[in-house]
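Here the chain labels run A, B and C in written order, and each chain numbers its own residues starting at 1.
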Amino acid sequence: MKILVCIKQVPDTAEVKLDPKTGRLIREGVPSIINHDDKAGIEAALKLRDEVGGTVTVVTMGPPQADVALREALAMGCDDAYLLSAREFGGSDTYATATIIATALKKIGFDVVITGRQAIDGDTAQVGPQIAEQLGVPQVSYCEELKVDGDYMIVRRQFEDQSHLLKVKTPCLITCLAELNEPRYMSVYGIVDAYKKDVTVWGFNDLKDNLNPDWIGLQGSPTNVFLSFGKKQKDAGTVLENLSEDEAVQAIMDKLIERHLI
Amino acid sequence: MDFKLDKSHLLMQQLFRNFAENEIKPLAKDMDEAEEYDLELLDRMNKLGFFGIPYSREYGGVGSDALAYVICMEELSKIDASTGITNSVHTSLCCSCINSFGTEEQKQTFLRPLIDGSKMGCYGLTEPGAGSDVQGAQTTAVKDGEDWIINGSKIFTTNSGFADTCVVFALTDRKVPAAKGMTAFIVDLKNTPGVTVSDNIERMGIRAASNCIVTYEDVRITPDRVLGQVGKGFKIAMAALDRGRIGIAAQAVGIAQGALDEAIKYAKERKQFGKPITAFQNSQFRIAEMQTKINAARLLTYQAAVAEDNEEPFAPLAAQAKLFASDVAVEVTRFAVQLMGGYGFCREYPVERMYRDAKITEIYEGTSEVMKMVIAGSMKLK
Amino acid sequence: MSKDIFVVVEQRDGVVQKVSMELIGESVKLAGDLGENVVAVLLGHNIKDKAQLLIEYGASKVLVVDEPVLEHYTTEPYVKAVDYIVRKYEPNIVLFGASSIGRDMAPRIAGRLHTGLTADCTRLDIKVSNYQEYLLTKTSMENNPDKVNSLDTSDTFLKMTRPAFGGNVMATIVCRNYKPQMATVRPGVMEMPVRNKDAKGEIEMVDTGVSMADMNVEILEVLPKKEKAVDITEAKILVSGGRGVGGPEGYDPLRALAKELGGEVSSSRIGVDNGWIEKDRQVGQTGKTVRPQLYLACGISGAIQHQAGMEGSEFIIAINKDPLCPMMQLADLGIQGDLKKIVPKLTEAVIKYKQGLAVDK
């Protein structure tokens, strides 16, 4: 089985802050990691390969520094890696990103594509389904369990209040939740080997035969950022004393409702 | 001269750091209190290749280098020094002896399982009467036909509580000084009649590590288990210790950095006299000093490891690294406890354990005094 | 000419989900700014009787697609049906709930239509003046009024605002060159509209041509939700107890409240040390670090070691007898009082409030 895994290198978002003066993201000193859902995707792919044989190819789009995320995936046990990196790709929204990645995936060839559900920087959950659309294959998103059954994948698909056990024929695309599995660590052997391998780097020219330049990058993206900003600085809190119990409950309820916490 | 780690070493550092933080940290306190290492944890690290880093793929090792091993030691020891010493004794004492002096058959039989992650090793040199002065050694190996019969006991044999393989040193010629009459043997600790391993010795620090007395009573060893040449054991023992010291230096750097990081994290939160402790200049200056010393110790340690990797003479560098780093570890952990005040003294926080763990780095694999002898000796002062 | 705001209604097992009402309510406001209408798109099987409800919540028209293949949600038939409707009716704006269904279907539809989609929006604006007011009063743009005031007030594109980077950053997205403008909107964020039982509107049945043949996955089984191990670091709401809860049974009212709020119970160290509650629920320097949307500290004085684990919370409410304790000083809202009396009453109030919100049962 030829398994492709799409991953994204993301900043560890718990630590990303906005410069209160410039309004820009403070990226300095923020570690980059493989997105959590994507790492579960790698683990799922490796498990599938262990079970039915085949290869696991990991693909990412990003700047040259994303190489390290691919090396990490190789060190976990993936067989080969592709980095899609070009100035023309920069500023792509989810549609444009999916267009580029889908073009590359078609060129590589696959039986199953696995992606994470969403990346922790953008939280859109759109790229996976949009790749599937461009590939013209069925998708199952929010995967919380995964099995293979001949030419079919059996996927437990999560909804808010229930799950569906779905059977989908390959080729298909599956988006994984972080809770699907406990991703393995890299091994030290794997790291040594990862740096002996070649990561294939594809730029615009490698894909241009099947890629419309008007549909990618900042210019080709249907959506654009109009404005980005931070939250308002927190106001000092208030302490209410000598309330009756009902007043106290009301004061709390007002805040819960105002902040959409119920 | 380039002081940056290359990409593969950086990725390894990330692996060791994440593993230590996520897998070892939750167990470290309990293992210390139980005075017992979690063998399942050990097994996991073995499978990931933590215990065969500088050894060749040909024998099942990782095929990396001493620098990678040192980074591993540092990162593991940042969280738990017991894990550090468990790796150190296995890798740089036991395995290095067999790797450097073993026959092909010995490497296949003993080195391979030790470095491919299936078995653990230990190293028996120190005796109740022979510490820094190896001349006091009493353990003997007497020829009986082709075989050797070992009698005696070795103390402070790290890992011996669970190890499979031990490189043990015994006098094969008592008529000459130990440096000339000692021979190294490879002993299967678990399947050799006459070998007894005591309970864990109760210690002040690195309490999770296994550290026992191993007694040899009429232990019969076949000649194919002699490591290197008869009578050359002392040389083998010292060569291993030279390598081991780089690992201990890295352990000391790790302990120091781990303690300082913990103390800073605490001190940033802790407010006294209306501001965080780290806002006081006295704290800042002391922290700055400590970090500088740790970095200096780290550079010495990396320098020794790179010298080893480049097959340059590294014994004096290793001794300098260990001498300095162990001193820094003791100083920084003492400071870390002080910075945290009463909470630093409490077992709820790890710095008290780190303070206890740091002390041994000035003692084992050659005391600081012995390090000075080695360094001075290399300077041709006499 | 693209016109009108379409809301793709979400129903599960024939029950229209609350988020769809919220979207209709919001769309009515936006449609007013544009002089357009709100059209609800209702997909399902034997679902037609729900159309009137959508009109009562504000839709002026409902397009109903009623097919056996739409009984349970699967991607392709839903995508195909909505794609057909968008191509046929050419709406200006299409909105979905940012639920696990909406976030599965919408990107694929946007992909098929080759248009933009903005995920998980928490605010939508047409009128620039409303948007400016929001920027100046609720965001860091309060420090940059010149930029805010320089925005082009004749801009009638949909300004879709969403959190990114785990909520540390907000971004407003526009889709100017493609139609329709599409967004998924986070449930529970837009205001629930008032139901008007006398409202009248048009209901139109649409034959989109979807059939069983479009189903490219097979539903083998419908399973209950997986029980997850409790992880307080992932909870959106934490009801946390300290010394003031008084004992192991003191956490029970907190549990009841947490359950109603869809949150979890956590604890300061004292509760754990005393064996009142499990260690994995401890917040603080030697416990876990949490950043929930709401941290409700009940009877927690707020030692610095505890604060270290929760000061990143988005909103902090403290209930404590001592108005001067550190937690009350840290809190966004501090309530001086007896938690044993206030918490159960609060739970009742929450239940009552939720009942008032229930729709279509």
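Everything below uses one rule, namely that contacts are C-beta pairs under 8 Å (C-beta built on N, C-alpha and C of every residue); 3 or more make two chains touch, one makes a residue touch a chain.
Computed from a predicted structure; not experimentally measured.
Visitor: Nearest chain to the global Cα centroid?
Guide: If we average C-alpha coordinates per chain, A lands closest to the whole-structure average.
Visitor: If you take the mean of the Cα atoms for each chain, which one ends up farthest from subunit A?
Guide: Centroid comparison gives B as the farthest chain from subunit A.
Visitor: Consider the two chain pairs A-C and A-B; indicate the one with the greater count of contacting C-beta pairs.
Guide: Pair with more contacting C-beta pairs, A-B versus A-C: A-C.
Visitor: Averaging over Cα atoms per chain, report the distance between subunit B and subunit C in Å.
Guide: 54
Visitor: What is the distance in Å between the mean C-alpha positions of subunit A and subunit B?
Guide: Taking the mean C-alpha position of each chain, the two centres sit 41 Å apart.
Visitor: If you average the CA atoms of subunit A and of subunit C, how many Å lie between those two points?
Guide: 21
Visitor: Please output the residues of subunit B touching subunit A within their complex, sorted ascending.
Guide: 7-8, 10-12, 14-15, 18-19, 47-50, 53, 62-64, 68, 72
Visitor: So in the complex, the part of subunit B that touches subunit C is made up of which residues?
Guide: Listed in rising order, the residues are 266, 269-271, 348-349.
Visitor: Taking the touch rule as given, give the residues of subunit C at its contact with subunit B in the complex, in rising order.
Guide: Per the touch definition, subunit C meets subunit B at residues 285-286, 304-305, 307-308.
Visitor: Along subunit C, where are the residues that touch subunit A in the complex?
Guide: Listed in rising order, the residues of subunit C that touch subunit A are 12, 72-76, 99-101, 103-104, 106-108, 110-112, 114-120, 135, 137-144, 159, 163-178, 188-189, 216-226, 228, 237, 261, 291, 293-294, 315-317, 319, 323, 328-338, 341-342, 345-346, 349-350, 353-354.
Visitor: State the interface residues of subunit A toward subunit B in the complex, per the touch definition above.
Guide: Within the complex, subunit A contacts subunit B at residues 68, 71-72, 75, 185-192, 194-195.
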